[in-house]
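Here chain A shows up in two complexes: once beside chain B, once beside chain C.
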Partner chain A sequence: MSLSPENPPVAIDAADCRTGLGDAAATWRGLLADRCALTLLPVLGPDGGDAVPLALLAGRTMAETAPPNWLAHLDSLAAAIPSEPWGMPGFPVYVTSSNFGVGSLYAFHRSQDVSHLPHATPAAAVEVLRRRFGWGENVTIFSHACVSAHLGLIAAARALAHGTAERALVFSFDFISPFVAGGFHALKILNGGMPAPYADRPVGSIGLGDGAAFAVLRRGRGEFGLAAHSLHNEMQHFTANDPAGAGFAACLTPVLAAAAGRRVWIKGHGTGTLDSGRLEAEAFGRLQPKSPLVSWKGSLGHTLEAVRGGQTPGTTGSSGPCFGATVAIPAFANGAYDGVVLASNAFGGAHAACLLTHD
Partner chain B sequence: MTERFVHQLEIEDPGAETPAETRERLREHFPRGSLRRMTQLGLLVGRVLEPMKLQGDEAVVYASAYGESRTLEEYLASFPTPSPTLFQTSIHPSAVQQALIARQRGLRQFYPLTGGRLLGSHALQTALQIQASRTVLCGGEERGSWLLGHGVASEVSFAFAFDLSSDPARAIARIRLEPGPDAGSALSLPELFYHLRDRLALRRVIAPGLNLALEWL
Partner chain C sequence: MGDPLKLRLKELIIRTLKLEGVQAGDLRDDAPLFGSGLDLDSIDALELVVSLEKEYGIKIASSEESRQALASIDHLAEFIRTRAAKERVGS
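Moving on to the complex of A and B:
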């Protein structure tokens, strides 16, 4: 589902993020220095459990507080959003998340402390943000695990195309809690190993990280644009992909077609699980053999920093051999490229990709 | 102004039916191997999606404020040894995924929404802005148990699905969205469900700047 010709070009006016390495600029610098934000922490936070790789924002712990300790980090991010009457007609907000305030629900269940409840459902958590940031009620919420942010970007682009939006804000966040870390640990993909995206090794493992980001979109062209989007949902298995990689190819093909004539590098999902890492690297290598593939669980914020800075961080945590010849382990200069394909995957064989252009 | 026509509407209104009763009532709609693990919401949403005969090229918009409330309760109770099955089925948008994975039915565009008192408004707006030949809008909730007592789960179980296209021939309803006053009311998901179930017309502002006209033909 390419945005062209359905929708006109969309420009990114502003973007920033918060990760375990800092804001967009600090994250980019940290990745270039091959710094890894993941540290081994108890999977259930204060309740203990196996040590697993988690990347929390600076100063944050998994001990749930009321109000949640992640709110201050979102305050800091929101302060960087250009001023507009967000949430009012013409200025829609699209909030995306997998977890919202589910850590508060977990904390309530453990403690029976009702002070956690005002943040415990998706709608309640977003309502807290809406009031906190002074947004109007035009706030649409998407939740589709790791492809959630793509849906927000697509919906924002559509609203701009329809003329119902002058500018649109996409605001995404996820913070780790025992609820989520415990779940992935139970699935045995979050274990004591550090993730090594696309590495061909005996046992795969993922890491989980806090993260938040925003992007402000408008119609027209700019230094950075979103030229195409694509989605595909395999619906074959909850936690596995089609073994031939058909889902990766089905999602990537329209975006790569839209990238024809451009030199693109690729920021893949690269969780560190073996099957999806192999399928993703093979699909990209087959469909776009001249485009280097990296994974650092990137957000739009530090991807823009990487393009502006002329250096793309390599695949932090990995070393050869890898599943595909296009996997870039070290950082590389990106001055000769004018596009980036950003790809993500989620439960149910969900795939999303978009084409970020730099003109 | 955006206008779409509805040709097919499916409703599940199980009242106080328990998850076990829903499973028994709807067992013939799902493969036996999948049935045992499906949530009540997965069963209800799966039932209303079945007659939609999804081919994969439609866009599907799904809305649920609370998702799998019962499964969420059971997953929380499984700590400190969390259940992997309950984890994956408690995650939004599990209901649609359960139904379509059971039927091995892939889908290109899938937009799962959540929200509060404007969830019905935003689901309609999202669905009507998609330029697909056919869009299916579905939604639902399952009644919580102990979470309900704390106001963080749905009070009612229900599900609905209807299709949207630009073809007026043999349509059963017309939905129109157009600019409205900045100050307005809301349309929650249960409210949208009741209007669909009882085929009630609706003409009012449903979100700031957004006017809805739902007309039964």
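Moving on to the complex of A and C:
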């Protein structure tokens, strides 16, 4: 599915985020200074286990409290959202997460303490947020692993382009829990190594991080636009990509077509498994050999800061050699570019990409 | 006479993955465990790794190491022998 460039333009009015490095501006500055938010922490939080690369928001722990300790961090983020009748007709809210409150579900499973249940499913967790932030009922929930936030952005852009919304809010969050970290660790793709996106090495590891972000979109032109989108699912295998990288190419191709005539750099996913990083870097390098490819987590907030600041952070954690010929390890000046392709991929062979423009 | 470790590994695989109608003698030592007639997938690999770690008290560190260890019964037996020897030396 792609949103063609002849649709009405969609502008990004506001965006911010919270990561292990701080808000969007602090995250951009931290990445530019080659800071990595990941540290080796016990995979099961208070229950210990092997040390794996995790990035928690400042002051947060993986203890499963009721209510969950991530709510206060969402309060801080929500306070920065421009005021509108969110959740009312014409002002839809799209809430996305990979995991919502699954940590609370696991805590209930272990303790039988019902005070965990109000946050333990996607619908329940979002209902808590809806009431907490005073949103109306026009709230849609998306969850599709690492492309969840992209799905929210695309759904919001489509609603605006088709005239069913005046402004749209995309609100995304994921907080690490022992359940999620333990699952990735059981698959051995989260292990004791530090991530090195796109690095050509024999053993890889993903990292997991807390993150939350919002974006407000409207119809029309602005400082930044979302000019095109693409979604693709390989339907190849639950945990493996097409070995030739066909899924990466299929998703990126329509977005690159919409970017014709622009100079773009690409913020890829990169932080997946060793194999998916290789396939991504090789496919993107083949399709767009003149566009530098970088990877750091998050899709929008600190990307806007990078464009405003004229400096794109490099691929933090990697030192080369890398798969593909276009991976940018050091930071670079981006003043000569007028577009950014944001790409992500996820479990199940899902891919998403969008074109961010700034004129 | 067959290798008793390899026989135990075959029995563990059959038991863990509930391979109905498969006998230990049906599994060749050098045949690929994945991408062959057993039709195993990555979730099967996850279950096998958990069972192997419990049964033999070993740690498999990464998905790449897991892939190498699970290449065949021969590879798996060699991996367990090497790892067990290292852990005895280290203990």
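The rule is simple: the second predicted complex is superposed on the first by the 354 of 359 C-alpha atoms of A that agree within 3 Å, B and C clash if a C-alpha of one lies under 4 Å from a C-alpha of the other, contacts with A are read in each partner's own complex, and residues count from 1 in each chain.
Going forward, a residue touches a chain if its C-beta (ideal position, glycine included) is under 8 Å from a C-beta of that chain, and two chains touch if they have at least 3 such contacts.
Remember, it's a predicted structure, so these values are computed and weren't measured experimentally.
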(message) Is A:202 touching anything from chain B or chain C once the two structures are fitted on A? First, second, both or neither.
(response) second
(request) Kindly classify A:192 by the partners it touches after superposition: chain B alone (first), chain C alone (second), both, or neither? (result) second
(message) With both complexes superposed on chain A, which partner does A:76 reach: first (chain B), second (chain C), both or neither?
(response) neither
(request) Using the superposition on chain A described above, determine whether A:108 touches chain B (first), chain C (second), both, or neither. (result) first
(request) Return first, second, both or neither, reflecting whether A:39 touches chain B, chain C, both chains, or no partner chain. (result) neither
(request) Report for A:123: first if it touches chain B alone, second if chain C alone, otherwise both or neither. (result) first
(message) According to the stated criteria, A:240 is in contact with first (chain B), second (chain C), both, or neither; which is it?
(response) second
(request) With both structures superposed, pick whichever of chain B and chain C touches the larger number of chain A residues. (result) B
(request) Return first, second, both or neither, reflecting whether A:253 touches chain B, chain C, both chains, or no partner chain. (result) neither
(request) Would you mind listing the overlap between the chain B footprint and the chain C footprint on chain A? (result) 186-188, 237-239
(message) Please output the residues of chain A touching chain C within their complex, sorted ascending.
(response) 186-189, 191-193, 202-205, 237-240, 273-274
(request) Using the touch rule from the top, collect the residues of chain A that touch chain B in their complex. (result) 1, 6, 44, 47, 49, 87-90, 98, 105-106, 108-110, 114, 117, 120-124, 126-127, 136-145, 151, 154-155, 158-159, 162, 164, 178-179, 182-188, 231-239, 247, 250, 347-350
(message) Please output the residues of chain B touching chain A within their complex, sorted ascending.
(response) 2, 65-66, 72, 75-77, 79-84, 87-89, 91-94, 97, 100-101, 104-119, 122, 125-126, 129-131, 150-152, 179, 182, 186, 207-210
(message) Could you list, by residue number, the parts of chain C that touch chain A in their complex?
(response) 41-43, 46, 49-50, 60-66
